Amino acid sequence: MKKWSRPVKDFLRATRAVAWKDLAAELRSRELLSAMLVFALLVILIFNFALELDVKTRRSVTSGVLWATFIFAGTLGLNRSMAVEKDRGCLDGLLLAPVDRAAIYFGKAISNLVFMLIVEMIVLPIYSVLYNVSLFEPRLLGVILLGSVGYTAVGTLLAAMSVQTRTRDVLLPILLFPVVIPVAIAAVKASGGILQAWPMEDIMPWINLLLVYDVIFISVAFMVFDYVVEE
Amino acid sequence: MTEQPVALKVLNGLSALLVAAALWMVVFYAPLEAVMGLVQKVFYFHVANAWVGMLGFIAAAFAGIAYLATKDVKWDIVGVAAVEISLVFFFIAIATGSIWAYPVWNTWWTWDPRLTTAAVLEMIYLAYLLLRQGIEDPDRRARFGAVYTLLGGLSVPLTFMSIRLFRTIHPVVVGGGNGGEGGFSMTPAMLNTMFFSIFVFSVVFITLFWHRVRLGRLAQRVEELKLKAMD
Amino acid sequence: MTPMIAVRKLVKRFGLKTVLRGLDFEVQAGEFVALVGPNGAGKTTFLRILASLSRPTMGKVRVAGYELPAQAAAVRRRLGVVSHQPLLYGDLTAEENLRFYGRMYGIPALDARIDEVLELVGLAARRRDLVRTFSRGMQQRLAIGRAVLHDPEVMLFDEPYTGLDQDAAAMLDEVLHTVAARGRTVVMTSHDLARVEALATRFAVLSHGVIAASVRRDNLAGENLLDFYRRTLQEGQASA
Amino acid sequence: MKKWSRPVKDFLRATRAVAWKDLAAELRSRELLSAMLVFALLVILIFNFALELDVKTRRSVTSGVLWATFIFAGTLGLNRSMAVEKDRGCLDGLLLAPVDRAAIYFGKAISNLVFMLIVEMIVLPIYSVLYNVSLFEPRLLGVILLGSVGYTAVGTLLAAMSVQTRTRDVLLPILLFPVVIPVAIAAVKASGGILQAWPMEDIMPWINLLLVYDVIFISVAFMVFDYVVEE
Amino acid sequence: MTPMIAVRKLVKRFGLKTVLRGLDFEVQAGEFVALVGPNGAGKTTFLRILASLSRPTMGKVRVAGYELPAQAAAVRRRLGVVSHQPLLYGDLTAEENLRFYGRMYGIPALDARIDEVLELVGLAARRRDLVRTFSRGMQQRLAIGRAVLHDPEVMLFDEPYTGLDQDAAAMLDEVLHTVAARGRTVVMTSHDLARVEALATRFAVLSHGVIAASVRRDNLAGENLLDFYRRTLQEGQASA
């Protein structure tokens, strides 16, 4: 393996440091994860009441309900994770460090992604017990990973924006939901297809769409993050 | 600056004339469609508004890029103008679509991919207005606005392509089959009328856009004078 | 000798509002400059530009020999900042906060350095406590530790005495003296002219978006700083 | 009409003053209402994706989707309306005034209720167009009023609590949803019954349950609000 | 003469942490008391109890002849408070803010009173502007206007000078002088001993949860306030 150049190493070090401090703080308090988790369960509960999910309809909507849950709970997590940075002016502290701003973006995005994946990995078995559906399907996990990557890529960017506005308490979901809908659709379709055992060639277009959006979102966010945090 | 430039006055008149001409063409020149009858005539305005609206959204994304690159407020004013006017045009497209849908599909609305992506597109730019409203600092407002129009612009192609990618009931008549419920094949007269009304609405768009940019400039002047007076 | 901070014709606008209007400013290495001026004069704005947190609208800014904003990373490496807010994570301990920032700066032999700094600001005993349980004064102490962690050549302090009690202020006095004795460059804003008068080697008055006057302590010639400040503002008003 | 005694008059004056200032501020900026509204539409959109609501299932879930929408949008509004009080320490300013704290509670609850009702009155017609269901039924409006009263009664109380915690960005829905579920169920059942034209004697128990909960929530909130805001 | 503020054996705990430990304190009508003490001594906590914003854990508190917390409403009617934060609504104009608070206090002839107060704090020209567009100094001015709107008998000021420039501070000095001249009672906290020394008629040192010492300006006997403060804290330490 070729040795990485110094700037690349600095970049990775900074990314790791940012992600590490989020994870370390969370490992201690676990307040973000527990909030996301409780909220996710409440959303499932609300869906349950709202839709009186019965066995027949249940199957066809599983992937939709799951993704809606992830999206709502994810917003909560993104909001909180950025609020922490605004709290005692930490965002300025980050920006004062001699590291590439993209490293800060990736650090935050990684910790957000990890939180989201953890919540998803807990919600999945709970959901499958509650509704008696089997969700253990390696391909499903792959789709969930892809969907979550796209979601947190653009979510981290928009959370960094919304937290700097006057209406920060309400803005994130409003900004995020419409933009992230292509990812959500592709994820719902792909997971639905997998759960209903569609032939692979019907699922692939959706997975490809997911991949395309992941790449687009990551590169756009990477390029514009600088403008979002500078003054 | 206070007086309208001659070219703009000419455009005002021209726009009025063109709209009248387009109305004439739609009513008298374009033939009656065999199956759907009169409501099909809404088609010409429907497509023209949708096209012009989407082009405006794309223009806003480019204005966003220009703003981020140059930090010139001019581009911010252009961006807002494009979004505001396109929001109206695009809303008219949705409304006319709805009017058309009622007799043809027997419902005002259905969650077809085309209709949904169109609704999402409209929501994105509503969110854009809320975002701007929540920021006091004009620089940040312009920067965040630019970033968001960039993200929003990503959804325009998806909306456009939705009828060509997914199974929908919304018809494709240009460069596609005759799919969908209510599709029809265009006679040359229909085609002429369609292109003419797209042209007319583009001119109307440009006229309104010019007015809106002038308004933005004037508002800026007012702010400037207020600040001078306060100093 | 090239100056440590060199600012030429700096203009900063927020939208249409011009806050800095062609400001010129120079600080030699080892100087301790106090920046004073009325509310809303633009002191914080100016320091944020020097700190690379905000971009100049026009003008040239050089810090530690590097151009801003082009060579921001090089400048940031040499800069220590104390702002109104402590820039600390409430959910991390004092030690973890320093460790995090240490990693961001790529400080070698980090553990030893952290011990040293905690000792300096008198928080060694509380190193494993969460920062959010700290009182305002303790947070300010740690914020100062955070700013000096990488032993920066240039320090920017924005009203660092705000809300500090006599003890904490004395601690900060001491830190500032040590820093100055080691030949570091300091720019500090404050509304407390008496305190500033005792510390700084030069005073600069920021008013109407420019440095309206600047005087070395030796040249105050018996006039007290408050009078000098008042006179400067009046002259500014008269000429405006 | 009997003349009210001085304390009662003072109480009403204070309640009116608190509600007035929220409404006056909102009338000017309209940012809370527009945020709630856009968010409500987004929630409907997400539900739509998640559930691929088709015409058959649609009817039976209408009331559930509506209420889930109101609940999510309402949380947003409650959060923002209380965040405004925390912003520049205004809550302390309110508590310093020589008025009964219950008057402050009722003032906030009234303005929250008004916002919620306005949003509901806009969402209803939109929903009925989108899903082609008729929702104009006086009894339905009555149920919506009752449900919203219960929701804002307890929501205002919990928002006052959550806004004073460290994790205020995430806490409100977690506190509110489980508590408000009885109201939500009763409201969903009652509105569902009305929409599906159940006989009145099947609907009444739910309406009674709603009434009971409204009374309980209002009186409990009235009694404990003092403890929530004092230190 | 019954004292305007009378506090006996006041204890305040936050959870297990005891902040005030049996504090005794008395202020006569017309006195201007400066409350000084180190960070975290409990000054803000104490003022919040006097303001009826926080409940005593134990002890008796009387303000303006009324018992707290039992007769809180009567106390609140007679109280004006300036705290760290301005207690203003950003989305309302200056005038609307005052109108709102005026209604909450049930002030008669409110419009005339609002004009008067806006004049007093020098904001008449900006009365129709949203408060969130105000600079920090202007917000502080309006906060002071808000506190004196109902012409309260007792005023509580928690570090009101924080962040104010020389002009704004002079305005506040003037308001405080007017208030004192009209025989109102004032309790103010500050870390700026020099400023406090010039204003107050009595100084009280809060330390370790009690009033460790209290001295009238006339009785300082040539000793400066800083020395008195230092001595008090040291004696406290020695006895502890």
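Residue numbering begins at 1 within each chain, and the chains themselves are lettered A, B, C, D and E in the order written.
Please note the rule applied: contacts are C-beta pairs under 8 Å (C-beta built on N, C-alpha and C of every residue); 3 or more make two chains touch, one makes a residue touch a chain.
These numbers were taken from a predicted model, which means no experiment stands behind them.
Which other chains touch chain A while also touching chain B?
C, D
Quickly list, by label, the chains bordering both chain D and chain E.
Chains touching both chain D and chain E: none.
What chain pair has the highest count of contacting C-beta pairs?
Here the largest contact count links A-D.
I'd like to verify one number: the distance from the centre of chain B to the centre of chain D, where each centre is the average of its C-alpha atoms, in whole angstrom.
36
In angstrom, rounded to a whole number, how far apart do the mean CA points of chain A and chain D lie?
Their C-alpha centroids are separated by 29 Å.
Quick one: chain B and chain C, Cα centre-to-centre, how many Å?
Centre separation, chain B to chain C: 50 Å.
Residue numbers in chain D touching 2 or more other chains?
Counting only residues that touch two or more other chains, chain D contributes 29, 31, 35, 38, 42, 45, 49, 52.
Please set out, as single numbers or ranges, the residues of chain B touching at least two other chains.
Within chain B, residues 120, 123, 127, 130, 133-134, 136, 139 contact more than one other chain.
Quick one: which residues in chain E touch 2 or more of the other chains?
90, 132
Applying that definition of touch, give me each pair of chains that meets it.
A-B, A-C, A-D, B-C, B-D, C-E, D-E
Which residues of chain D touch chain A in the complex?
Where chain D meets chain A, its residues are 31-32, 35-36, 38-39, 42, 45-47, 49-52, 57, 60-61, 64-65, 67-68, 71-72, 76, 79-80, 83, 167, 169-171, 173-174, 177-178, 181, 184-185, 188.
Along chain B, where are the residues that touch chain C in the complex?
The touching residues are 73, 137-139, 220, 223-224, 227.
Enumerate the contact residues on chain D facing chain B in the complex.
29, 31, 34-35, 38, 41-42, 45, 48-49, 52-53, 129-132
If we count contacts the way the header does, which residues on chain E are in touch with chain D in the complex?
48, 51-55, 73-74, 76-77, 79, 81, 83-92, 96, 100-101, 103-106, 131, 139, 146
Can you check the complex and tell me which residues of chain A touch chain C?
Against chain C, chain A makes touches at 10, 13-14, 16-18, 20-21, 24-26, 28-29, 84, 87-90, 92-100, 230-231.
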